[in-house]
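Given below, in the form of structure tokens, are the structures.
Two complexes, one shared chain (chain A), two partners (chain B, chain C).
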Partner chain A sequence: MKRIRIDRLLPSQLLATCPARSATACSNRISQAVRVSKLPAPTLQRLSQTQIRCQSTEALSPDAIYEEGESSEIPLETPPDEGPDYSKMPLPSPHPDRARLSAKLSALHARLSLPSKLSVEVLARTLVDSSADAHPRFNNATLAYSGAALLQYHASEWLITRYPRLPMSILFAAMKAYAGVPALYQVAHAWGVECAAAPGEEVDPGLLQYAHDRATVSMGKWGYVRSESKELQRYKWRRGTSSRVLYDDAFGEMVPGQKKVEHDALDVSGGRNTKDLLEDDIKHTAYANFVRALIGAVWLHSGRDAAKAFVKAHILSRQLNLSSLFEFKIPTRELARLCARENFEAPVARLLSETGRLSRTPVFVVGIYSGRDKLGEGFGPSLDSARISAAINALKAWYLYSPGDVNLPSDMLSEDAAPWKPVYVDIGEVIS
Partner chain B sequence: MTIRAIEKVSVGQNGLGAFILQCKKMDIHYCDYSGSSRGMNAFIKSQLSNFAKAHPQIEFAVSPRPRKHPVLIGHYINGRTKSICVKNMDSLQVLKKAQLLRDASGEKNKRVNKPVTSISESVRGVWSPYHGNGMVV
Partner chain C sequence: METRQLLRPLTNCCRSSSSSSGSLITSTANTTAAVMGRRHQSSTARTKKMLKIPPHPSFVNPVEGLNRVIYNPPAATPSVYHTPLKFLPSSDPRRQANLSSILRSSLQHQAENPTPTPTPTSSSSLPPTATKADEHEKQYNVSREGVEEMRALRAADPARWSVVKLAERFNCSKLFVMMCCRASREHRDQERERLEAIRARWGPVRKSAREERQKRRKMLLRSEL
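== the complex of A and B ==
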């Protein structure tokens, strides 16, 4: 009986164990989840099951990379003499060999027209959330991590080259609308993925498996844990846009600190605090992690181009009206600042048309001009609201400028790529 | 920060990008004894294997239902089901019904009286009485 020690694995085996990232909370959480000594009692018992499965060779998934010879050199950690009979205990997730027998799984494989290189066993692994099976060789945490990186890369390069003048806050919101958890949940639902009532060995491998009562590891969070994250959450400190770019994840949301979670777990007393402590939505996160893991699996098994095509077909082809994301506070002042910055003449609002000024329902049409150029036009029931809506339209026309289809930076990765033509990216928003 | 962002979620348009067949599962119930499922039994023997091979994205479940009429039940991605009783039909008619279930979207049948349905706004825009030169009456 022998046991793999996660800490001693070679770097080439990292994908199968945990993502090589020390600065964030997620990798810490994974490695902590694997270590038994730090865990509370109910998880301890579950983990001992997963370790036992690692000991039996028949349960290894086909894509596990490590070899028998290497693992035999690793010394034993615990004598397996005492304790319950682990071979009789059920596995936390279905056996990988059962993937071939699942009709649901092969139907899902065909429905998504996944490449044949991506076997159904890998597809089955992407359906196992880390809350269902804590062992990183059998859950989708590592695949979800790489998939999230790819997805956010492709989404952000597509948004930035297509809409080079988007303000940062709008870019964050657009990223979330395409690649955030709610969007990925809808994507997984539109694929016809159903979830199992509870994870276990006997569950059909074609069902998404996650535990309702245990929090999932928040995968796909790229960003730094701020040292002041506790105060930011508790006192609702303001986070500036630049620091959100620098520290936070791809959607401008703070990466929750590990310390904060542990600390709050101790001093939670009222019902108000427990709500902050729990994972926002375990179900939605599990579905989103499945989509990310599938992108990671496509990338791992059929390459970069297939993963990019998959992201484009399933995520970036969704529709989002970017102009509905904007909310302005003082649009007229911002338009004036914009004209000053771009050396346009100062904007002037002119009444173009009106009707029923003295009636109950007047309508004014106002255009905003800079010199002889009309920047925008809007209408409203009063002169002021018409001017504001005209300013908003002018600002949206500026910010939503699109050069059309241009080359993406990732297009240059293919060998027969045309020479790179620099794309235009604006210097940023007007007032931040 | 004068610009604030409103959170929205992008809307998926099936077929724009990837196409996902909406029928995800088909239950096929038959009876060995009664005459009303003679055509269904012939369908299962002769045509079902080819039909299932042609549609790997649909999960097929064949199960006997003794002393009942034969039924085809389609399960759809939106969570609805559609069931068709295929009693006394011959195998070709049953195949037609299976194809009908395959092609259905799972939505309730509704009357379509507009040639185009779209979520994006019209390119031409809405007519406005405040623009243009107007016509002198």
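== the complex of A and C ==
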């Protein structure tokens, strides 16, 4: 955790307890400001020369936010030698050169056995959330965007080729269980990543930095904002699965539109783009963005295959019990429709064994047969419930068919790939 | 009490001889039981002895001089990740690999009943059907005129021609009757009111039992039971 060293703080810093930047406060104000870090001189000689960090966009100091009522216009062009406020202002995130000095970063690098091409400085950058440092060259937003695209691509192609008959809603749920925010939060936690109490210049670069009190601007959402999104949220309209595939993000969840920004209009300091979307769960999103950014960084510095191996090792190797995701409405009818669709004989429930029919706790074991082949087996305290559970098991056995390890489409990107064999993809789920 | 004390040396002698000969013990045990009257499983040692189960034969009979794999799985529900052969697509290699077993089973089937039956479900080697509804095939015995007559009857007097009565008359399932015709709104409202009056008379025990039944049904459909 971040430790605040009071003896090194200036009196002005003690007064300015408000964190240095709002989420995207700087996006409209383009000015040149040279900001000098006030860190104690590091041991390395070159650090003293590279302390000056140039930023093309300028951060609002807390004073500037408060003074905005009186002086609405901040001069667009500020000479770099002027503005003592900016030179005294602390950086919103640790200086990249301090990454070499952080034991936590090196430990994380070694623990994940990251390739040596991915330097510790890049790893430090993946740990800076956009709510901590709004500058796109110093936060992980761009890396997280590419990482999310890669992760969702690899997860979806792996799921579809491995379980080609999964219904779409189950596929969405499985995607979320592998590549969604809660799963990535767990992954980052298992990596041993800790978060800083508050972002700032003096924080150890090995800690995840995000602003706890401000919402993260959501980055890298794939999908369209529906024109009827307001009504969908207000009146809970039903969304069909086909439109989920077409419009919504990779997890079948609606891109929420501008509703949330309207609610948070109070803390928008004029600088934020009103079309930006805000995240609900700040902590989990920050952790998830770190994992995505790390995948993006591995891809950027070590290439496609390394990124794929990284995703496979850390994300797709996790265990998910897909059979627990199913919920049926009328499984017996669905199974009958399935058998009719596939030209099998109509399913018949047969009693395999039973015990205690006249007792208080009977057990019936029922198998569902199509012709002479048993499709599924289930047990229950009554004949009807045993039949239903047998039908559920038969349907799950259909939907969870897996051809085993087959070639993925992304395998063909490597140059020495074997010729492509088309994978089996089912015609779709049973509609009953 | 006194008889027991007297008989104790006798039972001890029986126990000691039990290892030597099995036939002797049965006869003596019968005589002691007759002498002592009803005796309960009151001692721990006796219960333990009864609960001793011999090991599975696969553990007992070793093949001489060979290391072997003991396949003795516990009784458990089959995994849903094990796809039945019928569900494998034609491109799947497991279909080719299991071709011999498929052929063998079909040959067996032909040997059992050499005359090909039109309905394969009527074969005798399969276990019996779970419910009577599964026994016979669907009949499709109600014609178009029958359906129209059914609708007319239901519309004329829904109280007299209830779903059950119509199903009996036309020899079809109740579901089919409900698919064919729908009573008028007044009749449906009447029925709903009648049911609600019955529900209002339920006490807390019956009400909670019904609610629990609904919950169990939902859990069953999520396979949580």
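Everything that follows uses one rule, which is that the second predicted complex is superposed on the first by the 327 of 432 C-alpha atoms of A that agree within 3 Å, B and C clash if a C-alpha of one lies under 4 Å from a C-alpha of the other, contacts with A are read in each partner's own complex, and residues count from 1 in each chain.
Basically, a residue touches a chain if its C-beta (ideal position, glycine included) is under 8 Å from a C-beta of that chain, and two chains touch if they have at least 3 such contacts.
On a predicted model such as this, the values are computed, not experimentally measured, just so you know.
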Touched partner set for A:Y424, first chain B, second chain C, both or neither: second
First (chain B), second (chain C), both or neither touched by A:W398: second
Touching partner for A:S243 - first (chain B), second (chain C), both, neither: neither
Contacts of A:P182 with chain B and chain C, given as first, second, both or neither: first
Chain B versus chain C as contact partner of A:R372, first or second or both or neither: second
Touched partner set for A:S414, first chain B, second chain C, both or neither: neither
Chain B versus chain C as contact partner of A:S382, first or second or both or neither: neither
Touching partner for A:F328 - first (chain B), second (chain C), both, neither: both
Partner chain in contact with A:K312 - chain B first, chain C second, else both or neither: first
Footprint overlap on chain A, comparing chain B with chain C: 324, 326-329, 331, 352, 379
Interface residues, chain A side, partner chain C - complex: 323-324, 326-329, 331, 344-346, 348-352, 364, 366-367, 369-380, 383-389, 392-394, 396-398, 400-403, 424, 426
Of all residues in chain A, those that touch chain B in their complex: 103-104, 106-107, 109-113, 167, 169-170, 172-173, 176-178, 180, 182-183, 186-187, 189-192, 241, 312-314, 316-321, 324-331, 333-334, 352-355, 363, 365, 379, 429, 431-432
Interface residues, chain B side, partner chain A - complex: 1-14, 16-18, 20-21, 24-25, 56-61, 77, 119-120, 129-131
Chain A contact footprint on chain C (complex, rising order): 77-78, 80-89, 91-92, 105, 109, 120-121, 123, 126-131, 134, 137-138, 220-223, 225
